[in-house]
Each structure stands twice: as structure tokens, then as C-alpha cells.
Amino acid sequence: MKQLTWKDLPIGGVVTEPGNARKNLTGTWRTERPVIDQDACIRCRICWMYCPEPAILELKKPYVTKTGKKYDLTYEIDYDHCKGCGICAHECPVKAIKMVPEVAG
Amino acid sequence: MAVAKALSVREEVVKERLGLTSNYAVAYAVKAVDVDVIAAYPITPQTTIIEKLAEFVANGEIDAEYIPVESEHSALSAVVGAAAAGARVFTATSAQGLEFMHEVLYITSGLRLPVVMAVPGRALSAPISIHGDYQDIMSARDAGWIMLIASSAQEVYDSIIMAYRIAEDGRVLLPVMVAYDGFLMSHTTEPVEIYHEEYVRKFTPRNLNRYRLDPRSPITIGVITSPDWYYEIKYQAIKALKDSKGIIKEVHEEFNKSFGTNYDIIEKYMLDDADYVLITYGGASSGNAKEAAKRARERGLRAGVLRIRLFRPFPTDEVVNAIKDAKAIAVIDRALSPGNTYEGPVFNDVVSALYSRGVDKPVISVVHGISQRTMLVDDFYNLYKMLDEYAKTGEYPRKTIFMGLRGGEE
Amino acid sequence: MSASTIEITFFGRGGQGAVTAAQIIAQAAIRRGLFASSFPEYGAERRGAPVRAYVRLSREPVLAREPIERPDISVVFDTRLLSVFNIPQITKSYIVINALSIDDVRQSIGKFSGKVVYVNAYEISTKHLGKPIVNTTMLGALLKVLDLIDLDTVKELVLETFGKRLGKSNVDALEEAYKAAEVVVL
Amino acid sequence: MKVYFRTIKDLPVDEYFGPGQLTCAGCGPSIAVRWLLKAAAPDVIVVNATGCIEVTTTSYPYTAWSVPYLHVAFENSAAAASGVEAALKVLRRKGILDTKAKVMVIAGDGGTFDIGLQSLSGMLERGHGVLYVLYDNEAYMNTGIQRSGGTPHFAWTTTSPVGSKLRGKVQRKKDIMSIVIGHHIPYAATANIAYPIDLANKVKTALDYLDEGPAFIHVLAPCPPGWRYPEDMTVEIARLATETGYFPLYEWDHGRIRFNPPSNAHFDKSKRKPIIEYLKRQGRFAHLTEEDIKEIEKEIDEYWDYLARLAKAFG
């Protein structure tokens, strides 16, 4: 990308691809990662609502908990973009999200 | 034959001949091009433009949104917003107003928005002066705008029409400023032949095929760049400005054909065999210089005038070719570039043009008409006499001559 | 008057309509297919302060954009302006002047090599307009010696400038002045 | 306020902002903008003032925006938006463009309380149909935490430092809502990133009013580095701002004032959490003495008295 010259760029510094900032992998900023305990999660949507990125994905993925509770939705972390702020873990009413240190490599 | 043809074109396109000030001529041109959004703030000597436009809007003669903004900064910002949304826009200002817009001038050209602005030039504070000169215009010369300087109300009218065609050309997409003398033109009534609007509109078709704010294809305008990107994007605009000269010439030619006029990016008056040339811009300087050239010719001096009509991009080759056979040249500036080797800003442009093309000519720098200090035809005639004497002695002043300054320059 | 370019200066005071009068003459010339330029002396507008407005009329495009230093015709709205601007010394051909009497003219002008067009514009304008706003009245007097422009075109422009009702009274004043003005040699 | 979203389950799924923007971890304004767009998109054009959100979302060659976006400068977003709105109006009228897009300004406290106040006032006075959203993180965070007219009394910033003579910002926070309401526009409201449902409903309501004139929403959006707290606390601190009565939620709707939960209960001081709960979590207030805290409490009480008088007159 950096090798583009002035001949290759749209004029006026216009960016024509909506939302292409997703190419910035801000997940590399993390020192701690949120991990969702899918069995403890009550699908209340609060972590999804408060995520600033957004890096909590609401997926139409059925899940059956160990206790046999059925859910249509699954919440997963988009680790490519999650910056590890921990708001989700802090706001989770059932403490289903844990912040875990990132390991090197 | 050519003349006869031009006359018949004229007969067809001209709707009526009116007595208009240059400011009113601007308003009539803006009306003719079917502008969409006008935003402006009053300032002397610009105000009568927007008064006339407000009147047109109030009477339903223009179908435009007129935004009576709370400052010049907002005036230019509002037309930037409107142009980004795809509208054809207009604003106008002078002096302190142009200074207040200064930040947004660069943004307008940087975002490549086809804004058209009229600027009757005026002296800058302090001390405050409401009178005309070109200091405000010159302060904007590095902002990346195309700058035309007109010399009559008719030319102002025609230039505004051409400005839209130039600005919106897909190969250009740059803002255009049409400048002219504050008061000495802005408030001077002269004959102007205005055109049937159908011809003007045919000449200035809309170009919506450019980057604009549209939810159907959302783009981001006005980004932040790192050192990795700024240079390239800026260069695009610089290149576009430089290349616009050819397109401006093209538009002039087509305008001449469509409206039976005879414009070029420079104007040559009695120049072909001239020994002594006054280089001028604007109405008062060039008009008085032309009268002076006639007077000088009557008295045996081969005098001529070169008027710079396209100021940015600077018509380097055209200027050099026009004066390369002259014996001596004076550049008359109605503006100041304090602290420079010579204080006349356009003088510096001319000298740099000559140098770049390897032409070594005696050129003197003259400042006159600051804050509308009276300029007489005789002053310009005296300059021809001075050039003649310099040519005879071979001695040229190595500093700017401040004409009409009580006490003289040191 | 029929030189190639005729230069006229209107001498008035802020609020008396000198600038408007100059405009009307220029507009009339343009309407008749002539070339003209008209511009006032500019400054902050002050009621009562002396002002000048310039008109150039020509059969050729007007190039010069300098103030008129030696007018062919000076149109003077009151006699006290004569000395303020040295009018008898700078005027080439005609001084069109508003004065109370021919004696008033003689007394205030003194020596002048050209001709004087005298009209009592105070009286005429007061009669038609109810107050001494003399600009259109002075136009009537000016037309006595300015044959480049016809009376009807000027009347048309006065009507356009002032609107129907006020325009009519101004036209009446102008016409009366046109008839009453006397060309005299001092 | 019209209720478009009753519960968290009603909130829209589509995202028009991010990810990949370069905001700090735990950024309050990011949460604000995400919900502004969820409520307003896709038929919206955003005009953004210079500030945190601008520099972190449009870092060339990338954009975090999936709606049309314009940034011109710092002080003129309301003026530029006036132009966009006027353009859409006239182009629609002339049949040149077929668009029902609405215009929304997003500006920070610097761009609103301070340098942009003139253009905001001009836009409100002229009555453009633009929704102006102020995301208030209470200082110039983008340039490294300098005080603004929106910075609260006693708060530390780099230009209102805590020294031996002065203790943080000397002046009180400007009452921007009262200034805006003074323009008698159809709708103005406060909102808080801790209450996204309320925020989204207010955005929808405001957009519905734009045919009548401008609307304004003042959103509190905490900033972890600027307010000096751990980034996982953003929502909690924002919530405490409202729960302690520091940042009440209310609407000015056609000349009537209405308080929203939980602030509608806070005229009774005993229903408000103690202000210390809000202050003690933030490093920018770490230097406060008991006296200072009393002073802040007094100011909040005075503010509620003022609001009570407004509620009495315009409720």
C-alpha cells in the first residue's frame, strides 16, 4: 500500500471504501484478552452494547449449555480488533467474561 | 469575416445591455449559471454582490438556498459543505473577510471542491482601510486556487461564467477566485452585455460525476494523513493547478466561440512592437496604463501593456513570450510583499518567470495604488518615460519604487 | 458638448443624491448605446460631508479609471462647494450650479472662463418634492448642455430609480429645471 | 421523546462505525458514535469537527465510517453542515438529486463549547435541519488533555494543572444546554454513553424533528487517559455521572422540559448517589480536598435548583 504514488490515489484524499479501517488490526494493542464463558453467558447483550469498537460479535449460532439451556445466539470476541479495554468484563452482570493475559507469540 | 461572425454570435447571445457595477455583474452571472447554494457575510466593498443576490432570491429570480452566515469563515465552510454534497455554490468576500477565510481556502483546494468566489480586492488592516488594492488577493495566492483577475465589469461577468466551467471540469476540480478592483470596479457603473440564460446554462452543464456525499456510496472526505501520504495528495492538487492552465485556455477559446468574445489568459495591448512594457493586473492599473500607452505612442515612445488575467496558475511562458523583445519592463503591483528583495509580489513572479526561461531583461518593480491611493494616467505615462531614460543610461533601480509615497522610498 | 469623451463631476454633500444623479446619467448613456463609467468617491458615508461622483461618457469604451481632475462639466449642488473644490479653476467648459439668484452665481463663482448653467434648484425641488433634494433638478439643468443624452431616457431612469410616485415628482422637478435653467457667461 | 427501542433486545444490529478506528482502548466517544450511527444510519451524512473522533477514524487511507462523512476543520462543523443541508434541500427541490439523507454533526467539547460556538449559534439561529451531537469528554484530549469550556471545576488538565496556588480548573463548566435552548430550537437533550437505549431514542426523535429546525444532543463520553481511570471503568464512570446528579438526563422538547430516568427522581437529593463516588474514581480529581468536594456538591445542588426552576416553569 505504501508504495502507491500520487498517480494511484483518488483526489482530495477521499477514501472510497466504507469502513475499510477494519484493516487496522487493533487487536495487536491488547495486553489482556476477554474470554467469554459460553455456559455462564446469559445472552443479555450488555457486553455487545457497550463495546466501543465494536469487537463483540453477535452471531446466529445456536449453543446448548452444559446445564442444557438452549440459545440461538452466541457472543464471540473479534480478537482482530478487540483492544482489550475490559469494559465487557467489567459490565457483565454475571461475570461470564474474564480478562486473561496475552501470552507472547 | 471573423469580425462579422463574432458580431452575429453576439447578436444572438446578448439579452440586454445594462449599466452595472462589477459587483452587480457578479450577481447577474451567478444568477445565469443556476447556482444552488450561496453563503456570504457582508464586508465592504463586497457587500453589494450579496445584497443583489439576496434580492434575486427574495424575488424568486434564482432558485438557490441563500445562507446568511455569521462570519466569512462560516461562509466558505458552508459552501465547502454544499459543494461536497454536490451543489453548485457561490461566495464572495474582501479584505479581512478573506483573511478570516484563510484557513478554509487551503481546505477547499485540498478537498478539490469546485467553489467559485468573487473578491473585490481591498487593503488589509491595520490601520483599517476600506479602500481598494490587492493585498488581500495576494495573501491568498499560495492557497492552491485558480485566480483570475478581471479588468472590467463585462469581464467580471464573463469570468464568473467561465469560472464555473473551469472549476467543475473533471480534469480540474479546484476552486476559482475571480478578483477585481475594490471600488474602482466593484462600485463603478459600466456597460455590461448580459446573455440569455439558456446560452450560459448550455455553456456550464452540471457535473455531478465527482466525489460527493451520497448515502448510496458512502465516502469519507477530509481525512488525516501521516507523512507517508500528505505529500502525494498535496502534489496532486499542485499538479492539477499547474495543468489547469491548458484547460483554462480551452474554456476561454470555447467561451470566445460561444459568446463572440476575445479573452485570453493574458491581455496584450499595443505590445507587438513595444520597447517599453507595463505589466499590470486589475482594472485601474491596466486601464490607466492603456491610456498612458496611447499617450506615450502619440509622443513617440513605443509603449505597450501586458495585463495578467490568469494569475494562478501563473502564465509563465505566455508572459515571457509577450515581453521577450521589449527593451525595459515595469511591473506595477497594487499589493505588498514586505521583507522580500522587492516588495511587489507579481514583480517577483515575473522575474522568476523570465529567469526560469533564460531571458534577462531589465525589469523594475513599482508599487502604486495602495489603499486606493490615487493613480493617474500621467503616473503611468511617467513610468514609460522613466523606462526610456533607464534604457538610455543602462542604469536601473535595484529596489521597488513606491509611487505616490509622500517622502519617497529609501 | 461633443468631444470624444465627456467628463462630468457631480459635487454634492452626503445625503443629497449626487451619487445617484451620476448613476442616472451613466445609465442613460449606456441605455442609448454609448459607453460610460460612473463611480463615486468612496469613504464612510457621512451626511452633509462634501462628496464627488464622476461620470465619463464616450462613444468608445472607457479605459481610464482615474478620478476626474479637470471635468468638462461640473454639477454643483450648492455654492459653498465651489471653493471647497476650487471648481471654477478646474472646470473646463460648464459649471451647472444651484443658486438663489444670478447675483448669487456671480458673487460665488467670481472668475470663470467657461459658461455657467444656473438654476434655482432649491425652489424647484422644494416645490415638487416638499424638500430641497436637488439631485434630479440638477439633472434637468445639466441636460440643457449635454446633448449626448436625451431628456426622455433620463426621465425613464428617474422613474425606475425612484418608483412611480416619487419618480413622477422628480420628473416634474427635472422638467421644470430643464426649462428654467439659463446658460450665462459671466 | 418517542420510544423506538424499548429494551436492549430492540437495539439495531447493523454497524456503521468501526472497527479498526484508532481510539484509545475503552474510549467513551467511540461508544457514543457507534450508537449515534446505529440510530441514524444509513440515510445520514456526518459532518465531523476536528478532534479525537476525527483523527482516530479517518487515518488515511482508512476510514471507520460506513456513512458519507465530511471533515472540514475545527470551528466550522455547524457551518459546513449548514451547507450540506442547504445543498440537499435545493438539489431535492430542483429534482437534481433524489435523497432523503439527514445531516448530523459530531463534535467534541472543544469544537462546541469553545472554538465552534459561533458557528453552532449561527446554524441554530438560521434554523438548519441539522442534528448537532456534542460528545463531551470534558477537555482537549486529542492534543493531550488541555482544559476547555466544558472541563469541570477543579479538574486537572495540562493547562489547568494542580499547583501550589491553583488547584485544577478555576472556572465552572459552561452550561451549553442553556445556551442552545436559548436559540429556541425544537429539540435539545442530554444523553450518556452508559444509557445507549435512551441515547438511540433521542437520536431518532431528534432526526424526526429536523423538518422543523435544528436539534442538539449533549452526550457525556468519558475518556480513560484524560480523566485518569482504568479503561474498563468508562461505562461505570459515565453511569455514576448521572446517578450522582453531576450529569442529568433531560430533554427540551418544543418548549417543555422533561427529565429521563434515572434523573427524573433526582430532584430529591437523597435519591442521588454521593458525588464522591463519581470523583474518587478519577485521577483528574485526585487532588480534591474535602472542602473542594463540598464546593462541587454545592455547585451540583445549585444546578439542580436551577433545573427545578426550569422544570417548574417549563415542565
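In order of appearance the chains are A, B, C and D, and numbering begins at 1 in each one.
To be clear about the criterion, a contact is a pair of C-beta atoms (placed from the backbone, for glycine too) under 8 Å apart; a residue touches a chain by one contact, two chains touch by 3 or more.
Predicted model, so just to flag it, every value in this text is computed and none were measured.
The pair with more inter-chain C-beta contacts, choosing from A-B and A-D, is A-D. Put simply, the C-alpha centre of chain A and that of chain B have 55 angstrom between them. Centres computed as Cα averages put chain A at a distance of 82 Å from chain C. Measuring from the averaged C-alpha position of chain A to that of chain D gives a distance of 25 Å.
The distance from the centre of chain B to the centre of chain C, each centre being the mean of the chain's C-alpha atoms, comes to 34 Å. Under the contact definition stated at the top, not a single residue of chain C touches 2 or more other chains.
Looking at chain A, one finds that residues 9, 13, 15, 18 touch two or more other chains.
Residue positions 58-61, 63, 65-67 of chain D each touch two or more of the other chains.
Chains that are in contact with each other form these pairs: A-B, A-D, B-C, B-D. Taken in their complex, chain B has these residues touching chain A: 110-113, 173, 211, 217-223, 225, 228-229, 232-233, 235-237, 239-240. Against chain B, in their complex, chain C makes its touches with residues 23, 26-27, 29-31, 33, 35-40, 42-44, 62-67, 69. Those residues of chain A lying in contact with chain D across their complex are 1, 9, 13, 15, 17-26, 29-30, 44-46, 49-55, 58, 78, 80-81, 83-87, 89-91, 99.
On the chain B side of its complex with chain C, the touching residues are 17-19, 45, 130-131, 181, 183-185, 187-191, 283-284, 287-288, 290-291, 372, 374-377.
Contact residues on chain D toward chain B in their complex (touch as defined above): 42-45, 47-48, 54-55, 58-61, 63, 65-73, 75-76, 78-84, 86-91, 93-94, 96-97, 99, 101, 118-119, 121-122, 125-126.
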